[in-house]
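First chain A sits with chain B, and in the next complex the same chain sits with chain C.
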Partner chain A sequence: MKKSSEPFWWALFGAGGVISALFIPVILFIQGLAIPLGWIESPNYQHLYQLFGSPVTRLFLLALISLSLLHWAHRFRFTLYDGLQVKHLNVLIAIFCYGGAILGSLAAGYYLWLI
Partner chain B sequence: MFKSSRFPIYYKGHPRMFVKDKPIFWWALKWVHARFIIRELTSVPVAFYAIILILQIRALSLGPEAYANFTNWLKTPLSLSLHVISFLFVIYHSVTWFNLAPKAIVIRIGKNRIPGLVITGLNYVAWAIFSVAIAWLFLNLDNLM
Partner chain C sequence: MVSKITLEVFRYRPDQETQPSFDSYEVPCEKDWVILDALNYIKDQIDGTLSYRWSCRMGVCGSCGMMVNGEPVLTCATFLNKFLPGPVKIEPLEHFPVVRDLIIEMSDFIGKLQKVKPWIVRKEEKSLEDGEYIQTPEQLGDYKQYSMCINCMLCYSACPVYGLEPEFVGPAVIALAQRYNLDSRDQGKGEREEILSQDDGIWQCTFVGECSEVCPENVDPAGAIQRYKVAATNNWWKSLLMPWGKSE
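Our next item is the complex of A and B:
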């Protein structure tokens, strides 16, 4: 039997599902809604820079971003298959989804490196 | 590969098997199916926020001016509406994910399987603790640093 790469992508999908479910709601709410709407005051630039630049935060953000993107890649890929039944575009969709997630992860790694 | 068409297709070795035509929007006809597709589509707002985080890190790395541009963009109606919609979707993602966790995780102590309700409960507890901790961090960052 041909060895399948599905369990590998599924594991990343699962890890991304957990980390995004635990952390994205609160971070999105604070940074994307509460601060822009003025409900709470924004920490100043220097302090945010220090926070985002610390090794622990960097590793955490890299994991959060790349696993969330891989979670999307796997789930969205199968939504396209099942929802729109575009099974004949199988390879193209897989390249778009996983490729996009990998590019996004590389970009995240690069900018985290620069901080 | 199975390919749906207007006519049943017969396969060699499966002479009696035929693939019924399914409309593209089959999932919109029944609420359970629509809910399944909505759940799967929560992955799009998850990816959206991952991209926002990348842009934020980029802006931070470029300096105070770039970061001010980024935070000004966050205040635009477009950004706020995208964030509101995404927030609702990611909450739905968390709830459906934690509720399904017992189906994916089987933990046994000795011979006894830990009940699904406990696993779901622990997920919600972890969710609450991390959310409070991160909110606290943001509220106190200026005093901590």
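Our next item is the complex of A and C:
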């Protein structure tokens, strides 16, 4: 039986959907509303630096960023595939979408490593 | 006085014409008539050459599915007066080749259905002396919803993916495969997986969900497909991480 690679990408798509739906609204609320509107005190540089110094925070951010990107990649691949109906470009679209997500994840990993 | 309503009916007679056309018929709009009654009126009183499939008139046989004003419905379960003042457009089910008038060619669906073995597969049958296969109400509940499918193919007309990818196994076939996969008496999961786990199996589905919207029996094929995706993904990871293990 020919093994389909879809379960691999679909699992990452599903994981990305769950993690981004759970955490991105929370992060947006804290960073985009609560802090600018003064509902909670703005953390100072030293505090943030310490927070990002922890490997747990960095690992969490890497998972959040890379899985969200892979969620986007799978969805955008099918949007292009079905929406533009360019079946003959399937391989190119897959490389563009998943490749983009992987490059983005690597970049995120690199910058998180630098902290 | 009974009001009248106009039906614009798709006509295609391959022995007489190369292109399909629409014929208009004015029919009485009786209070308790469904679309199928109006088609039967046309056939009996106005134009005997109109061809369409129907049988039970009560939403059980699944043969009278058509596009009514662009929506796939069972014509025996869709009231005519809902469409007043009209006109009502009646077309054959979308995404299928047309044989004649409102009759579609369904062999693609039947072929795919047979491939997933929609029956109880046993590696070894019990002998008669061993008695029946006992099943609890909970075990029945696991698959009962999917067993309500009447093969009307409305979900195939509603599915944009099937319209674009004719190779896609499609909603009803996957729901019916799940009907047997989830049956405690069945042992054919592995054989069905060979068809369902291919790219043209469940993985073409992008969860548009229209199949479940139009299903007259509330089978929820979209739900069946998502559940199967989870099961297939678990199996895929298991066979990757534990190649010596047996897939379920």
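Keep in mind that, in the parts below, the second predicted complex is superposed on the first by the 104 of 115 C-alpha atoms of A that agree within 3 Å, B and C clash if a C-alpha of one lies under 4 Å from a C-alpha of the other, contacts with A are read in each partner's own complex, and residues count from 1 in each chain.
The rule is simple: a residue touches a chain if its C-beta (ideal position, glycine included) is under 8 Å from a C-beta of that chain, and two chains touch if they have at least 3 such contacts.
Computed from a predicted model, the values in this text were never measured in an experiment.
**Q** Following the overlay on chain A, give me a clash-or-fit verdict for chain B and chain C.
**A** Fit: chain B and chain C sit side by side once superposed on chain A.
**Q** Let me test your reading of the model: by the given contact rule, A:21 touches which partner, first (chain B), second (chain C), both or neither?
**A** First partner only, chain B.
**Q** Is A:93 in contact with chain B, with chain C, with both, or with neither (first, second, both, neither)?
**A** Neither partner.
**Q** Could you look at A:78 and tell me whether it touches chain B, chain C, both or neither (first, second, both, neither)?
**A** Both: A:78 reaches chain B and chain C.
**Q** So in the superposed three-chain picture, is A:51 touching just chain B, just chain C, both, or none of them (first/second/both/neither)?
**A** After superposition on chain A, A:51 lies in contact with chain B alone.
**Q** For A:12, is the partner it touches chain B (first), chain C (second), both, or none of the two (neither)?
**A** Neither: A:12 stays clear of chain B and chain C.
**Q** In this superposed model, does chain C or chain B come into contact with more residues of chain A?
**A** Counting residues of chain A touched by each partner, the higher count goes to B.
**Q** Nearest CA pair across chain B and chain C in the overlay: distance in Å?
**A** Comparing every C-alpha of chain B with every C-alpha of chain C, the smallest gap is 5 Å.
**Q** So chain A touches chain B in one structure and chain C in the other; where do those two contact lists coincide?
**A** 14, 78, 82, 85, 87
**Q** Name, in rising order, each residue of chain C that touches chain A in their complex.
**A** By the definition above, chain C touches chain A via 160-161, 164-165, 194, 197-199, 201, 203, 206, 229, 232-233, 235-237.
**Q** Which of the residues in chain A come into contact with chain B in the complex?
**A** Spelled out, the residues of chain A in touch with chain B are 14, 16-18, 20-33, 35-37, 40, 42-52, 61, 64-65, 68-69, 71-72, 75-76, 78-79, 82-85, 87-88, 101, 104, 107-108, 111-112, 114-115.
**Q** State the interface residues of chain B toward chain A in the complex, per the touch definition above.
**A** 1-4, 22, 24, 27, 37, 40-41, 43-44, 46-47, 49-54, 56-58, 60-61, 64, 67-68, 71, 74-75, 79-80, 83-84, 86-87, 90-91, 93-94, 97-98, 104, 123, 126-127, 130-131, 134-135, 137-139, 141-142, 144-145
**Q** Could you please specify the touching residues of chain A with respect to chain C in the complex?
**A** 1-4, 6-8, 10-11, 14, 78, 82, 85, 87
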